[in-house]
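Report on one structure; see the data block that follows.
Letters are used for the chains, namely A, B and C, taken in the order the chains are written, and counting of residues starts over at 1 for each.
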Amino acid sequence: MAIPVKLEVFEGPLDLLLHLIDKNKVDIYDIPIVEITEQYLEYIRQMETEDMNVMSEFLVMAATLIDIKCKMLLPKEVNEEGEEQDPRAELVEKLLEYKMCKYMSYELRDRMVDAERNLYKRPTLPPEVAQYRQPVDYEELIGDMTLQRLHEIFKQMMKRQEDKIDPVRSTFGRIEKDEIDLDLKTTYVEAYVRSHKTFSFRKLLEKQHSRMEVIVTFLVVLEMIKTGRIGISQDDIFADIIITANETADNGPVQLTSLG
Amino acid sequence: MEKDKAKAVLEAILFTMGDSVEIDRLAAVIEEDKNTTRQLLEEMAADYQKEDRGIGLTTLEDAVQMCTKSELYEYLIKIAKTPKKFVLTDTLLETLSIIAYKQPITRLEIEKVRGVSCDHAVNRLLEFDLITEVGRMDAPGRPLLFGTTEQFLRSFGVKSIDELPELSAVQIEEFKQQAESEVQMQLDI
Amino acid sequence: MEKDKAKAVLEAILFTMGDSVEIDRLAAVIEEDKNTTRQLLEEMAADYQKEDRGIGLTTLEDAVQMCTKSELYEYLIKIAKTPKKFVLTDTLLETLSIIAYKQPITRLEIEKVRGVSCDHAVNRLLEFDLITEVGRMDAPGRPLLFGTTEQFLRSFGVKSIDELPELSAVQIEEFKQQAESEVQMQLDI
């Protein structure tokens, strides 16, 4: 297994997270999610691991952290009782459970050290006793088991084995990256801005065909806001965002190099 | 059976067998009921406490085994071979403690707590005979359920899984209250 | 060493060693001379004479061994004969069915099908004489191959393993399709 030395310090994403919380001397119940997420991402960036299984576990947690980070920026969700929900609650619960389990494992280790001080004795049965083999009562052992049922059991096992193979994913070949040309999309959005002047952001997105296209379009719009080519306004939270072309702005090409 | 005789028989059996012996089987040999047998064993254990005795009894759920007193360990290792120890890494210990506290438990549930896959750890623990399959869960795919073994009790000096070291209720309550007052969330632990 | 402590150490050593131990070695551990040690052992032997004790000491030349009192011998036979319950657990049945239908088969192959190590189950089935070693596979490490026994055939009322119902290729294909359609259903939801 290709687990790098560095990784052995941590027993998984939760372990790493607990370490970060501990190192930052912050409260597990009030995690400064922005800092912790940054440190977490920094750590997994440094992980030089080829093992996708190990890496994916850490990436799942990274995605969870980013998700929480996003939710923290949005207005708090309210549950049925009208209480505000902390987006960190689920993570805190998981961390607490893991922390307790770690605590128990230390407790067990101590006990093991103590228990190792008791020595036992191997059996010293007299030969007649040692050689005595209790006859197996096959009537009792087999009971009402029949060949037919044994066959059923075997069939179920074989079926379970087939079930384990994911018929969808097992047929996947290489996953090809769906390339979206950033320049082309920029030209497209610029043309759209010129011809529409004032338009709904939602309408623009609806014209995109894939998630990737939506993302790239969004990035182009963000960059155009930054350079002052367009302005945006929104009447209400969750209302449609209205984009207005800014005629006075410089008409030079949008620079997207900063988007990486 | 006469009490002294019964104790002698119990001592002889436990000495000879070396392994753990179920109290039921001991009771059958001395022809007493289980409770009387248990009581006799307790009296014997009390006798073994005396200063000049070097052996004692360990209880493992419903079985009992003879062992040496732990405080004599340093003298014993001068002459006796220490039993082969298994090295339990942090991963193995964490996995084992989850299984111990939440048994019977499936692999998926263990993975949920640790956030990492546990196949390797579970297989090692099975090899060490610290855990065992205890059945299948009545759920889609009928996943295997795992629990701890008698070897686990012996290795960790636990008399019964009901007696596992606990986070005191007070401590857990403290944790919870801190949490709830600080971020106003309901913890369901 | 203080007298009671020395006796405790001697008892613990003799217990855990099981075999005979030279008095010289015992003397070295308790840091006393041979005569004192011998005297302590004699005192212990006298204590073991009591009615409620089941063990005793045998001296052989310059060595001593802990053993069961001979008059308790019959009870040892009795405990060996107290019936153990024989049960075919789910684990054992699953392992047995794999061996029956895929024999000759190695442990590793059984583990592949079940997804967990099978040492314990295989050992139990060997003990029950339902399976047996039938040879070694011509592969690295030359792993043991297991197959069913005559006892298995007798117990399940089969004349020969050729009579075992077979899983046809058609059936396996069916399983595959079932698995696929089940997943498809989940995807459709």
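The rule is short, and it goes like this: a residue touches a chain if its C-beta (ideal position, glycine included) is under 8 Å from a C-beta of that chain, and two chains touch if they have at least 3 such contacts.
Bear in mind the structure is a predicted one, so any value in this text is a computation, not a measurement.
Taking the mean of each chain's C-alpha atoms, the chain closest to the overall C-alpha centroid is B.
In terms of C-beta pairs in contact, A-B outnumbers the other of A-C and A-B. Averaged C-alpha coordinates put the centre of chain B at 18 Å from the centre of chain C. Annotation: 43 Å between the Cα-based centres of chain A and chain C.
Separation between the centroids of chain A and chain B, computed from CA atoms only, is 36 Å.
The multi-chain contact residues of chain A, meaning those touching 2 or more other chains, are 119-122, 124-126, 129, 163.
Across the assembly, chain B contributes residues 15-18, 66, 68-69, 76, 80 that each touch 2 or more other chains. Residue ranges of chain C in contact with chain B, taken from their complex: 3-5, 7-13, 15-18, 21, 25-26, 28-30, 50-55, 66, 68-69, 72, 75-76, 78-79, 82, 90-91, 115-117, 119-120. The touching residues of chain A, when paired with chain B in their complex, are 11-15, 27-30, 53, 57, 61, 83-86, 88-89, 92-94, 96-98, 100-105, 107-109, 111-112, 114-126, 129, 156, 160, 163. Residue ranges of chain A in contact with chain C, taken from their complex: 119-122, 124-126, 128-129, 132, 134, 136-138, 140-143, 145-148, 150-151, 153-155, 157-159, 161-168. Within the complex formed with chain A, the chain B residues making contact are 15-19, 56, 58, 65-71, 73, 76, 80, 82-83, 85, 88, 90-91, 93-94, 96-98, 100-101, 113-117, 141-142, 154-158, 164-165, 167, 172, 175, 178-179, 182-189.
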